[in-house]
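Next up: some structures, all given as structure tokens.
Both complexes below contain chain A, partnered by chain B and then by chain C.
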Partner chain A sequence: MAQATQSLSSSSEKKKRSLSDYLLPGFFGLFVLFLYGPMFAVFLLSFQGPEGQLFFPMRGFSFHWIMAVFGPQRVGDFVTAFQRSLLLGLSIMVITVVLSVMAGLAFRYRFRGSNLIFYLTISSLIVPSILVSLGLGIVFNLLNLPIQWYSSALVGHLTWTLPFAFLIMLGIFGRFNPAYEEAARDLGASDRTTFWRVVFPLIASSVIGVGLLGFTLSYDEFTRTSLISGETNTLPLEIFGMTTNVTSPALYALGTLTTIFSFVLIGVALFAMQKLEQKQKQAK
Partner chain B sequence: MTQSKALRPYLLAAPQTLVFLFGLVLPIAVILIVSFWNFNGIATTPGFTLRHYIGIFTSPAYLSTYINTLKFAFLVWLVCVLISYPVAYYLAFRIKSTKWQTILFLICTVPFLTSNIIRMISWIPFLGREGLINKALMGLQIVDRPVEMFLFSDFAVILAMVHLYCLFMIAPIFNSMMKIDRALISAAEDLGASAFNIQKRIILPLSAPGIAIGTIFVVTLVMGEFATMRLMSGGKSSSVGYLIKNQIDSLQYPAAAANAIVLLTLTLLIVFAILRVVDIRKQL
Partner chain C sequence: MTIDARKTLVNGATAVQATDIQHALANAAAWVSLRQVTKKYGPVTAVENVTLDIPAGSYCCLLGPSGCGKTTVLRMIAGHEEITSGDVLIGDRRVNNIPAAKRNTSMMFQSYALFPHMTVWQNIEFGLEMQNISAQERKARVGEMLELVGLSHLGDRKSSQLSGGQQQRIALARSLVTRPQVLMLDEPLSALDENLRVQMRTELRRIQKQFGMTFVQVTHHTEEAFSLSDRVVVMSQGRLDQVATPAEMFRLPASQFVAKFMGDNNIFQGKVLHCAPDPGTGMDVIELGVEGIGSLYSRGYAVPVGSMAACSIRPDLMQIEPYPNAASEKPTPRANHITARIVSIEMTGYVTRVVLMEEKTGKELLYKSPTTAWETGSYAEGQLVTLRWSEGNCVFLPH
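What follows is the complex of A and B.
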């Protein structure tokens, strides 16, 4: 009897397992559809004819709305907003990479206060974004510093990109074998040479990953920019402003363009990372 | 020489630490101070008053905004967990090849590197009055006129927030699940444990730290934001972030600061409550 129930339960278990074999991929597929479906809809709708609207069905097919983004605008200036966001993103990327690599190197030593610095850094992730915006606005005001996208918003973005970069760097250096460096030092290499010739090539592909993350987090950041970019807008602020007064597919066209830009960037970064990793494997 | 060696980690960690002292600690300190200052309807002057805090705790409008924010944080969290757990489980346990694991995880990640505002906008073709959902419902004759509830509703806010933030849940859960020793599962299977019991007794408890980290992220993100609330509810629903933003726009800095401090305290309480229940240190 006991045996019978056991075999019964194990056979029903097999059935359940095969059921989940269908359910899980199906669920995952639906999830991917949920992620990409809206993006794809916007992509399609931005290629409508001049009579296009915000909803399906598509009305005609043309590049009218895509071109409209580059033309003179009634509602905003995307090209300069894009330039600002690009420049800000690149600055954030460089600063984030440099500071987080330095901090990562520091955390390979044991030093007093390292715990405090660690918690200070990750606490930045759990402070609601609006506080950073509000607080930096007041600080810059009180210190009579200019409130601009390249000053206050820059600091605001760093408080968001650095903790991620720092955690990634800790992970990378945690897996890092110090024997390579010791070998280099034993052979008489200076600290600087050791870093650039030994350490850096080993972490290079991760550095690209951190750079990509820093750039995209900054390029898309809204809340931490919103109150402290001064009188000029970054691209996300410009698009947000546009949502209240634009009811044409120009909105979608802009979305399609920025999304394509992000995709290209991600593609290039992933390609570079893969190439570097291959090179490293060959070297080993 | 030895002295400079001892100083080295401090010098390396200093730039990043300075960013957080200036961009995080100082702003929060200033917000705390300003929250006690006077506001006469036009200007903010230094002083000490508890009026703004008393205002928050005695005004039904404010309190309902806080409850609303917590409600959204809870609902978004719940949906994120329900989606992320099976997705992470599928990726971690059902995909056997590392290459495919990486590819599928990247597919999940890429949309999160594109613009948040655009990702909100991309729901318009689906949720609007003339959107696809309404068309489908009318086509199937489930409703005879467009349902207004989709766009500009709590439903739209939750949908958009889940769409924006669920990666912050998937990634840590996936990370925890990848660390689970596969031998535990085979052992349990050999001893005749059911699939349900394996989930309940092994996988769920061991991925709890990932769920906890994801929860901290999602709750913090929802608590601190106002753009999704503004855009997707059409201004109908309010959150503390949105309230703070409105107060800043009307130059009521002390009231905004007091709300920011209460919001921060609330968020930290939630985070500490989670940390008391789940030990996340092994994940870092």
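What follows is the complex of A and C.
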């Protein structure tokens, strides 16, 4: 069927090509160039020779700057900042998954105030990030709570990840056929058993996706963290700080490494999701 | 499903192995009773004041158009829907506040709801695991059930690897394996194609009879309800319209809704002109004044003269003859006859359907004849004919 359509459209193309047939691929090419061009430039520059600068041309090719990231720095500290961000991201991931799954379960039924909670959650996405950061700082000060990456910044990140995860879980449970749960209960399963034996395995691949989203949103979050990370920096804050001080391609090398890390993470998650889905062989 | 499996099932070769289960299930059958049950969703009343008894071991179909509340009734019995007021009893137990897991009922879902992440075997075993039955007994019982539905060879498959008919059987096996007191079936055949549907219908009825279990089924398919049930319950707008055996309902629909829903009935609305006892039958003969057509006579029970009502005649209980026909010109009292023109003749197989239009009012009518009988006549589309039927075959419908 698809083949037939294809051959049909290609034969009509031969007769007459419209302007959009040229414009659209061109536009898409530009889009890809803008999307990955900068990243590619950074990627290339991080392999500058030891004499290289922050800009083209390349002066040789080396792993000098990549190694430099792991060495002692004149300014800043990549490694502990990375550890902080990793730990923070993982915490955010777990909290986001747990809370959003629970919220998703709750929102399948209308309850008193469900609309209010829904809109309040969503509207936090349109509040300017810097205001959220500022506000959180003030509140933490007021309550005499420590302003640290693991306290105030954690809350700040949750204000960012939770609404997204919540929206996604709403979508997932919107498509979830409640008959599965009813069937489980019918067969004598308790609510807990129903969740762990039937509901969770069926949403598991989506849950991995939500977890990944939570992690990446947190891992490169900047604005919300900027005023409330305390005296230590998360990785994005550290990198930003360095742009003003570091004048060597080590900065690019760091960018390349963190990007590779993100891609690896996405790869692992996709692989896990695929494995799960294969295992489930979901009907329809 | 393989043909072999089907054959085994139909020949009843598995009946021998099935006797154990059969006894266990027959003992478990329970009656279901609804007492003035009402279900409201906010301001909307889905089910209104329904009182219904379903005898133990009977096959009962809830029949009606979508949105009539039949599924809600089923779900209230199963415990998937809360009851706004009234009582639901299963056996001698009031189950209003007992969760579905503890009702000892089982439901076969319209979508089958087979767990897609489990194999066929695991699906069937699930209910037994929940009852903390030993691994050894589980193995035996799942095996028995798979054999019963003739799919022993598919235990390792995932449900997504099964055809619609196979999924249906596995869903049935999964529901039966826990030996429920009542089995609920929500449109169990709607997802199957026509041939398979008729086949599965026979099989459902056979399994129900064999086990003597109480089956409650929801359907919007009249033929399905008639062919399966001991008792048909027609619902409309959240209320019961009629509860009767299929034969009774076919012969004597209780309301215009039921007559219409069964399909094909010719219904005439009018005003009650006269009402007189019909000696010998215990019923009344009612004269209905139908606008544009005149008086039609039907049999029913006394209603006030002047009220609006209707009468219904089945398309197979009318006689057709060419118009005019000198032989039967002489009008017999209380015999109904109208003049109509043949619009179309549809040979559907065993039955020929003839669509006609009443001459004066343009009302559409249907006449049905066995094809063999029809072929002896010589009617053509566009021809004017007379339709006759006796008042005894014409059912009076008070509302």
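Following the convention adopted for this analysis, the second predicted complex is superposed on the first by the 264 of 284 C-alpha atoms of A that agree within 3 Å, B and C clash if a C-alpha of one lies under 4 Å from a C-alpha of the other, contacts with A are read in each partner's own complex, and residues count from 1 in each chain.
Note that a residue touches a chain if its C-beta (ideal position, glycine included) is under 8 Å from a C-beta of that chain, and two chains touch if they have at least 3 such contacts.
Note that the structure is predicted; figures quoted are calculated from it, not measured.
In this superposed model built on chain A, chain B and chain C occupy separate space and fit side by side. When chain A is checked against chain B and against chain C, the one touching more of its residues turns out to be B.
Contacts of A:Gly71 after superposition on the shared chain: neither chain B nor chain C is touched.
In the superposition on chain A, no contact is made by A:Gly60 with either chain B or chain C. Touch criterion met: A:Leu131 reaches chain B, while chain C stays clear of it. Of the two partner chains placed around the shared chain by superposition, chain C is the only one that A:Leu187 touches, whereas chain B remains out of contact. When the two structures are aligned on the shared chain, A:Gly29 is found in touch with neither chain B nor chain C. In the superposition on chain A, contact is made by A:Ala179 with chain C only, not with chain B. In the superposition on chain A, contact of A:Pro50 is made with neither chain B nor chain C.
Between chain B and chain C, the shortest distance over C-alpha atoms in the superposed arrangement works out to 8 Å.
Looking at the complex, you find that chain B touches chain A at residues 6, 8-13, 15-17, 19-28, 30-31, 34, 83, 86-87, 89-91, 94, 104, 106-108, 110-111, 113-119, 121-126, 128, 130-132, 135, 163, 192, 194-195, 216-217, 220-221, 223-227, 231, 241, 244-245, 248, 253, 256-257, 260, 263-264, 267-268, 271, 284.
Those residues of chain A whose C-beta lies close enough to touch chain C in the complex are 177, 179-180, 182-190, 193, 197-198, 201-202, 279-284. The touching residues of chain A, counted against chain B in their complex, run 6, 9-10, 13, 16-17, 20-21, 24-25, 27-28, 31-32, 34-39, 41-42, 45, 53-56, 98-100, 102-103, 105-109, 111, 113-114, 117, 120-132, 134-139, 142, 155-156, 158-159, 162, 166-167, 170, 212-213, 216, 219-220, 222-223, 226-227, 235-236, 239-240, 243, 251-252, 254-255, 258-259, 262-263, 266, 270. Per the touch definition, chain C reaches chain A in the complex via residues 78-80, 99-102, 105-107, 109-111, 113-117, 126-127, 130-131, 158-161, 174-175, 178.
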